[in-house]
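Everything on this sheet refers to the single structure shown next.
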Amino acid sequence: MFRKSALLGAAAVITVPLALTACSTDGNDSGGKETITVYSTASEDAAVQRYNDVIAAFEAANPDIRVEVTYPGADYENLLKTQMAANDLPDVFQTHGWTQARYQPYLLDLRGAPWEGDVSPEILPLVTGDNGELLALPISQNKAGINVNIDILADYGIDVPATWDGFVAAAEEITEKSGGEITPIHIAGGDSWPIGSFYNWLAIPALISAPDNDGAALKDGSFDWSHWNFVSQQLKDLQDKGLVNPDIVTAKYVDSAQLMSEGKVAFTFYGQGVVSEVERLNPDIHLQMMPIPSVHPGDTPTWSGGEGDTLAIWKDTEHVDAAKKFVDFVAQPENVKAIIGDTPILSGLTTVTIDSGDAYTTTDDSIRVLPAFDREYFPSGMWDVMCANGQELLAGGLSVEQVTEATKAEYERLRASS
Amino acid sequence: MTQSIVTARRRSNRGRGINLYYLPAVVLLLTFIGYPFVRGIAYSLTNWNGFSPDYSFVGLDQYIRMLSDPRVLTVLVNTLIYAVGSTILQNVLGLLYALLLDQRLRASNVVRTIVYLPIIVSNLIMGYIWYFMVRYNGGALNDVLAAFGQDPVNPLADRTLAVLVIVLANTFQYVGVAMVLYLSGLQSIDRSYMEAAAIDGAGAVRRFWSVTLPLLAPSVTISAVINVIGGLNIFAVIVALTGGGPGYASSSLATITYQLYFGEQNAGYAAALGVLTFLIAAVLGLTTLRFFRRREVEL
Amino acid sequence: MIRRVLLHVALAVIGLAHLVPFYLLIVLALRRPGSSASIWMPPMDIAWANFAEAWASARLGTGLLNTLIITSASITGAALVGLLAAYPLARRLTRGNGFVYGAIIACMMVPNLTILVPLYRFMVDIQGVNQRWAVILLHITFNLPMIVFLYAGSLRSIPREIDEAAMIDGAGRLRTLFTVLFPLLKPATAAAFVIVGISIWNDFNFSLFFLQAADVKTITVSMSSFFSQYNSYIERAAAGCLISSLPMVALFLAMQRYFIKGLATGAVKG
């Protein structure tokens, strides 16, 4: 009898004040400051730090504005989709490549901003709305290619291949000369998205970059789907020839990064995101990006481009002026440079030039940068379709033709509903 | 004295007033579960993609789609395996552990804590630990095999083994729940029953089947229902180990609903699957409850 | 006796088998990122920095505090509301009440994802986003069915005579419930705290969507920052995991003794 009332009493004593503390959580800061919410996709230590530094500089220059920044990491997209459904978005957020295709109805027109004329012409179409609105600030734009451990190529005397056949041959040479110690190509099929990455990049030389290409056909729906077989077939061949990791169906990205940091992998299809991770694990590994080799005779290698870091403002924000001040501040050249840091990427503004050091295997500026394949030529939602079907292909569940059938079916469904 | 009896009788005659006690619970449940669920069901009659303000009513299209989708059958079977398989394994092991630990050896406290610990650890991290145990490249299992000169294995690549590994991982994490429930059940069994049976000449096994198990029946019911519901909701472990793959071979209703909703932007279809999940959970939960309730011995 | 030896061997096997994942977790938490050694090897150079980095980069201190506040408020609230609800449902067995009980249990079966978006919209409307009180209400609501189930089941096995004896002595219904019946429900309360409490502590989904602001993040969400598409801070995640489990482990060890004592004395006698 004594113990029970003690328990209840203890519970009350602990809970009541805690609950009261909980009740008094304040959303907006008091003290006369205006608070704007900013959502960023940055997740790696250094990237988050760069953002925080720029935000601190902004707050110092604008003492009446407070920035509440959130870095949701892996859940960024899901969070934002849920917030869109409830029409409750952050004041400022990154549109991570989906400015036109997904976020457009929710974005404030930024025409008239001081940096409007500085937007780089390659990326301007990607941040322009259907009616000519300026949808976002393009801090950076992608210039990505296949990751290559340049030391491995040097050790075996292999040149950076310029054609896809040359690429496969290089992979075979590496297996042979290393006695199987080094995996030529590592794809983390278990995580699904690396398969989409492979498709996305090979699709460029296969379908888009040659003079006579399927770009227009993909956009107006007249695409000859038998052309899609080629990409699936290449993936299957790599697996059958043993040029990819044997656990391609179950391996996770963490395995790729681990093996890359041990110098046991020559090529991967991850783009610039993996560079900082491998560097963290082993600073002695020398990674570069090579242009995507060409497929059709007479064609040349390309880079995969598209949006990098972009900042947009929610059109229903209650803090329009503060949000605009923030975006304009970030658009200043020294801040763009600060945010990009040493990431191998291009700036989205003509006022800023980034020196990528030796992030790329070549500094030839004539190599074309083509848009990210699935963003430009597929309706929104095809990414998961490519990943899931590619996984089934590798697991032996679907044939090349069946993958094409399934992909085509989803393409048509998504086109009809968008 | 007479006064209190009259008061007591009057109080129990106003029986309906007692129902007020469940009013706060009902209000909360209606507000935060009932109402959103009804709206969620409404989405299953549309072709909504999860975020855009434009969508249209499509009637029962999503349900028709569900019936003809080959993935749904695989996923249904998996979900049942996860729910029922985990439950059986967890309860058998949990009971076994509880019986062993009830012997009140000094080591019991330590082992009880060790078995219970995984529940405290987040199941996503536990899932990753299991991945590090069974993965092909540098997994703990393959390291042991290599030490004995064997070739590495990749259980996650095999469609059946992947499901099995997930059941094992989930069992390992939650067997402590069953164990604690059975321990508390065992310890509230009056020792006099056991002594009476022993005096009557019943051996240990006989005592278990005729005395212990029937008296444990309420614990079995609770444990079974909890585990079945838990098994239906397995999510993080699947994501950490296989991501639902290869393909959809190890996906459960929960993971495929998530993938459809956020990944394939097919919120309408995901909502239809959600309704299916609810129906299956209700049927499975009720069946389990009835099955074990019938076996309970009311003292 | 052979029996004792066999029992000890069995316990040892079980204990060791269940320790393996923890051993691996500790190895991961202590080793340098990028180490290519086997996961079985205890690390030669211990990277204590993992703990400091985990604490700082994920702001685990704030996370722990938030999780503590939310869990203790939620489990207490849920136990209270659940016990109140279970009482009439176990004592007054009418058809109506049977229906209500069934409906409450049915709420356990509702899949979280299906109601996520409507729930989020509703939260925005009542201005509950990034508010701890809102998430506490959610946790209370979603764990009610389980708690009602546990309490109603246990109440049913307590004879009514006990209620009536207490009321004849002059106690009102509420007093009877809390002073007479509640102590007899110790096993159910133990089960509730141990199952529901920990599930709230480890909750990810609600905390993810409803508590994103830096000052209200719970520890599960804070730790999710270790995993993103291109970066897996495994060692920090392991270290963070160990840190965040400590309070629960300590609580479990403390509660264990109290509840075992309670379990033994709480046995119902007719």
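As written, the chains take the letters A, B and C, and residue 1 is the first residue of each chain.
In this text, contacts are C-beta pairs under 8 Å (C-beta built on N, C-alpha and C of every residue); 3 or more make two chains touch, one makes a residue touch a chain.
These numbers come from a predicted model, not from an experiment.
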* Can you name the chain that lies farthest from chain B, using the mean of each chain's Cα atoms as its centre? -> A
* Asked: Where are there more C-beta contacts: A-B or A-C?
  -> A-C
* Taking each chain's centre as the mean position of its Cα atoms, how many Å separate chain B from chain C? -> 14
* Asked: How many angstrom between the C-alpha centroids of chain C and chain A?
  -> 36
* Which parts of chain C, given as residue numbers and ranges, touch two or more other chains? -> 36, 117, 224, 234
* Structure fact -> Touching at least 2 other chains, the residues of chain B are 50, 138
* Which residue numbers or ranges of chain A touch two or more of the other chains? -> 82, 85, 87, 258
* chain A to chain B touching residues, read off their complex -> 77-78, 81-82, 84-85, 87, 102, 105, 189-192, 245-247, 249-252, 255, 258-259, 380-381, 383-385, 388, 391-392, 394-395, 397-398, 410, 417
* Touch list for chain A against partner chain C, complex -> 1, 3-5, 8, 11, 14-15, 18-19, 21-23, 25, 27, 43-45, 68-75, 79, 82-83, 85-88, 193, 253-254, 257-258, 261-262, 270, 273-274, 276-277, 280-282
* Asked: Contact residues on chain C for chain B in the complex?
  -> 4, 7-8, 10-12, 14-15, 18-22, 24-25, 28, 36, 38-40, 81-82, 84-89, 91-92, 96-97, 100, 103-115, 117-119, 122, 137-138, 140-142, 144-146, 148-150, 153, 157, 164, 167-170, 172-173, 187, 190-191, 194-195, 198, 201-202, 204, 220, 223-224, 234, 237-238, 241, 244-245, 248-249, 252-253, 256, 259-260, 263-264, 266-268, 270
* Of all residues in chain B, which touch chain C in the complex? -> 4-5, 7-8, 11-12, 15-16, 18-22, 24-26, 28-29, 31-37, 39-41, 43, 50, 97, 100-101, 103, 105, 107-126, 128-130, 132-133, 138-140, 143-144, 172, 177, 180-181, 184-185, 187-188, 190, 218, 221-222, 225-226, 229, 233, 236, 253-254, 257-258, 261, 267, 270-271, 274-275, 277-278, 281-282, 285, 298-299
* Provide the residue numbers of chain C that touch chain A in the complex, in ascending order. => 33-34, 36, 57, 69-70, 72-73, 76-77, 116-117, 120-121, 123-124, 127, 129-133, 136, 178-179, 182-183, 208-209, 212-216, 224-225, 227-232, 234
